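You will see two complexes here that share chain A, one where it goes with chain B and one where it goes with chain C.
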Partner chain A sequence: MSHFTEAGLARWHAREHRREAIFQVVGALVVFTAMLMLAVLLTKILLDGFARLGWDFFAQSSSRFADRAGVKVALVGSFYLMILTALIAVPIGVGAAIYLEEFAKRNWWTRLIEINITNLAGVPSIIYGLLGLQVFVRTLSMDRSLIAGACTLALLILPVIITAAREGLRTVPNSLRYGSLALGATQWQTVRYTVLPVAMPSILTGVILALSRAIGETAPLLVIGAYVYLTRLPEGLTSPFTTLPVQIYDWISRPQAAFHENAAAGIIVLLALLLTLNAAAIYLRNRYQKRLAI
Partner chain B sequence: MGMKRARVFLGIVALAGLLLGGCGEKKEGTESAESGAKQALSGKIVVDGSSTVLPISEAMGEEFQNQHPEVTVAVGKSGTGGGFKKFANGEIDITGASRPIREDEDAACKQNGIEYIEIPIAYDALAVVVNPKNTWCDSLTVSELKKIWAPEARGKITNWSQVRPGFPNKPLQLFGAGTDSGTFDYFTAAIVGEEKASRPDYTASEDDNILVQGVASNEGALGYFGVAYYVENKDRLKAVAIDDENPNNGDGAFLPTEENVLNGTYQPLSRPLFLYVNVKALERPEVRAFVLFCIEKAPQLVREVGYIPLPDKVYQLARERVEKRITGSAFGAHGSQVGVRLEDLYKIEEQGAHGTQERK
Partner chain C sequence: MALKSANSTEVTQAVVRMPTASARKRVRWEERIVRVFLFLCAALSVLTTSAIVFILFSQSLGFFRKASVVEFLTGTEWAPLFNPPAYGVLPLVTGTLLTSLIAMLVAGPMGLLVAVYLSEYASPRLRRVVKPVLEVLAGIPTVVYGYFALTFVTPLLQKFIPGLEGFNALSAGLVMGIMILPTVASLSEDALYAVPNSLRYGSLALGATRFQTTWGVVVPAAMSGISASFILGVARAVGETMIVAIAAGQQANFTFNPLRAVETMTTYIVRIAMGDVSYGSPEYYSLFAVGLLLFLITLALNLISEAVRRRYKGARA
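Up next is the complex of A and B:
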């Protein structure tokens, strides 16, 4: 090979440096294009929607007059739905992950379950909507209620939570488990006091990211019957509900431009909500990581 | 550390409980109030169905709730077909439809023992629109539209010069309603002659704003959707006058104006919009009050949300249908019918031995 000579080596170096330079430029361009598109979208949304943002917008609910319509019921609906979804999905999801990682024997059966969970994470959300409509809304006669929506969304994010939690559990070094077991702790105590605390930051991050996926969903909720006109706040698990994305979806399909401005303002609220959630994820992760470092 | 976390978790549970609590008490109140019709109305009225009818149901719900603050009106948006499915399942009280009920939907209702009253609530016009740069096409006949939209046109009619001799050599780009919508059903019935018969090679969307965008940015575009979307985008679209080649409905081509819809010249693309009410739900005082409220307020509210009120006579006949519990469809559950005047349709029924009763 030519680069075994000195001149060859220099040429090889030069070529590799050129390649690196080209890759850097291409990489920067890709990032720039992506950011530019995001910036254009955000600017458009902010310009369209900012004027509508005000106290009124948060204090009013659906109306046929665009300037009297607001996000109150939708925002509260999204909030309740998220809490309920988390209450259902987190214990089941994290529990399943702990069982699969820490307790289950590795055999063809658990592998089958694993493959299915991974596949479920890739199923389009509207399929979960259809499932929810048949199982929760009709068979279990939950009706088009908050709890039916929460159950459906919980199913939707379960695979994501299980996968994230398992990844988190896997990052815990085995030496910790052995140490705990060697001190006479039971497997449950090991999981409870050693493994879970160490895995917590990544589990929490996974949970919050899964919840931010749930909060942005429209299709499955439309299928199970979220309402687009609703002015009453939910009063219980069986109350009818609507959510921010559903409200935005409805406004955007209206003929009047004023409703499109409402939609833009709604999108800003939704974005703010998502950013808050993601910030919370980062904060929680850092907090737990710091504690562990001590 | 563990304790603290457990407390945080408990806190969240308690918070959720507080937020969601109080459902039991309110429910009880509702039931006792329902028994006395003279008392203040309360309860929940569930409306669903066509996205075209949604603004009407929304306006009705809004005004009704202003008068009866204890009643909750919730309106969903499942489309005409989706709405009828839920209606036939007994899941909803009222469904909005942008075409009359079809035989299969009527059969599904019967199978589940659901009887309904059909209430015509407004007129809507479907506008056929082109790009403003289109200087050649001011009007089209129904047979020209049929040539463009019939299933046989697939892949063949792709240029304006094929539509009418004298039209320029420009590519024809088509935009229309998604196949699940009542608008699609009505347009195909009116133009092609058979519900759901359409060429498949066009840009279809359930979101009419996408169609507006498509027509507004392509010189050779032709599209159809509810007239409200044309009215809101007049600066970017041009409406095409429609000639149904039937001198009984006026000679020549007519634009989708309120006047032309009401005097019957904008045919065949004027369509009635309906509410279908579950007869069993009608026994609940709040539903009954709401339905009568809809009929009473229709002339004013329908116009407010961009549709055309029906003649007073039709509303009067609709009210009688509710009061006398005349069930079934005046259209004989045959789906979209074209060029029928509602006055005539409902009048015949009143005089005759309640035309649709035989269907029971």
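Up next is the complex of A and C:
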């Protein structure tokens, strides 16, 4: 072949160099484009919504008039819903993780649970909405209430919490377990007094990330019947509720530009909330990593 | 070492408590109760899956008393609320396929290129910047992407494409692609990262360039992991709700024209569920029939993705 002549080899080198250079540029461009998307998205939302942010926006609730509408009820609803979801999902999720990591024997039943959790993580969130609609709203007659929403979201984020908690438990070295057991502690005492305290920061990190997913969820809440127009704060577990993403969706789906402005402002509030949660998670993670490194 | 000092006091407490017979009895009981509780926590996940399957099937029965399965799966008109009603789900399926396809045309190539570039070319410093950006993109709620598609991408595209409707499959699909990009990129990168360096060195030692090594050796070696990430991306696109509900319109058109409004399976569920359906009505049952189809499709995609990944793990060992 021509590769074996001097000129052919030179041509081959030149071509390969060109290819290499072209791919370097293409790859860099694609990475840059992905980052540009984020920048454009954030800029667009800030430009649209920033002017609308003000004290009024936080003090007002749903209204037919765009300039009198605010996020008060939605923000409080999101907050309550997050707390309730955490109260349900965290004990169950961490409990399941402890069972799988510390107690379960390696048999078909354990494998079934594991495969099952993996598959649950892949179920679209809207299917959880249908589950919540039939089980919590209808069968258990919770109606379109805060508690029905919290139960639905808790089931939705359970796989995420279980996986994160298992990873946290796995970072605890076995020497600690053996030490505790050798002192005569039972298995549960070992978990409770030795393993959990060590694993706690990384479990908490996972929990916060799971909750930040729950807070941004819209579809399952729309399906179980979160209210899109609400002027009263939720008073108890059975109160009707709305959340920030649901309120934002309602504003987006209205044709008037003024409501779109509200939506953008609502999105800024939502993103700020998520940023705070993620910052907390990163802080915990870094502190934990430092402690292990010493 | 710091670990020990942080927990030594608690460990001591546990030991000191042991001696008396009654205390020992109590500890045994506590142990048993806790075990049962923990077991129930883990079993709840199995119960959840069973409940999903049971509810989707049992409620769909109500729907299939009215519509035949054949009509459901082959009919090209979807109008369960009209009189006479039409129960062909294909318009919702093509709507879902169309938006997912557009999304994957963005997320597939871009995700792979980002993964390859980050894994094989980028400096550690660039990786430290890009990876958090991808994480942020992955963490943005989908309702935010929906707003972006409707108020930015659609008006922008309308300047270049005259026939583009206000609600259309194209911009919803494109933005959904951006949403899925981090999933595809980070899973593909994991697969590339798992390729042992000996393969790269071998290829480079034979005189191959970095480009040839990357595309001729590393990418093929990671192919099953990359395929798995693509399939998972499709599953996410099929199950995605808010972007299409906001930007793709809510009309069940039987079309593959990306410039038109379409309705996906997820969008239909949201639209009907929001409209105060009465319990036990045909609309109510139709939610679950469409949900069942959606569930089966995403389940199949997830299982395939898992199987592909497992084969790749086996090959490595």
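Here is the rule we use: the second predicted complex is superposed on the first by the 252 of 294 C-alpha atoms of A that agree within 3 Å, B and C clash if a C-alpha of one lies under 4 Å from a C-alpha of the other, contacts with A are read in each partner's own complex, and residues count from 1 in each chain.
We adopt the following convention: a residue touches a chain if its C-beta (ideal position, glycine included) is under 8 Å from a C-beta of that chain, and two chains touch if they have at least 3 such contacts.
Predicted model only: the values in this text are computed from it and were never measured.
Engineer: Taking chain A as the common reference for superposition, should the pair chain B and chain C be classed as clashing or as fitting?
Structural biologist: clash
Engineer: Looking at the overlay, what does A:35 touch: chain B (first), chain C (second), both, or neither?
Structural biologist: A:35 contacts chain C only, not chain B.
Engineer: Go through the superposed model and pick first if A:230 touches only chain B, second if only chain C, both, or neither.
Structural biologist: A:230 sits against chain B, while chain C stays out of touch.
Engineer: Based on the superposed arrangement, let me know which partner A:271 touches: chain B (first), chain C (second), both, or neither?
Structural biologist: second
Engineer: Once the shared chain is lined up, is A:222 touching chain B (first), chain C (second), both, or neither of them?
Structural biologist: Touch partners of A:222: chain B and chain C.
Engineer: In the superposed arrangement, does A:53 touch chain B (first), chain C (second), both or neither?
Structural biologist: neither
Engineer: Hey, is it chain B or chain C that touches more of chain A?
Structural biologist: C
Engineer: Answer with first, second, both or neither: which of chain B and chain C does A:284 touch in the superposed model?
Structural biologist: A:284 contacts neither chain B nor chain C.
Engineer: Would you sort A:253 into first (chain B), second (chain C), both or neither based on which partner it touches?
Structural biologist: It touches chain B and chain C both.
Engineer: Running through the overlay: 188-196, 206-214, 260-268 or 296-304 are the candidate stretches of chain C; which one clashes with chain B?
Structural biologist: 260-268
Engineer: Which residues form the common part of the chain A surface touched by chain B and by chain C?
Structural biologist: Of chain A, residues 138, 193, 197, 222, 225, 228, 252-253, 260, 291 contact chain B in one complex and chain C in the other.
Engineer: Name, in rising order, each residue of chain A that touches chain B in their complex.
Structural biologist: 62-64, 80, 83-84, 87, 138, 143-144, 146, 193, 197, 222, 225-232, 234-240, 250, 252-257, 260, 291
Engineer: Given the complex with chain A, which residues does chain C contribute to the contact?
Structural biologist: 1-3, 6-7, 10-11, 13-15, 18, 27-28, 30-31, 34-35, 37-46, 48-49, 51-52, 55-56, 59, 110, 113-114, 116-118, 121-122, 126, 130, 133-134, 136-137, 139-148, 150-152, 178, 181, 185, 209-212, 214, 232, 235, 238-242, 245-246, 266, 269-270, 273-274, 279, 287-288, 291, 294-295, 298-299, 301-303, 306
Engineer: Across the complex, what residues on chain B touch chain A?
Structural biologist: 1-2, 12-13, 15-16, 19-24, 26-27, 44, 46, 48, 51, 54-55, 57-59, 61-62, 65, 72-78, 86, 89, 91, 206-209, 226, 228-229, 231-233, 304-306
Engineer: Hey, which residues of chain A end up touching chain C in the complex?
Structural biologist: 16-17, 19-20, 23-24, 26-28, 30-31, 33-35, 37-38, 40-41, 44-45, 48, 91-93, 95-96, 98-100, 103-104, 112-113, 116-120, 122-131, 133-135, 138, 155, 158-159, 162, 176, 179-180, 183-190, 192-194, 197-198, 212-213, 215-219, 222-225, 228, 245, 248-249, 252-253, 260, 263-264, 267, 270-271, 274, 278, 291-292, 294
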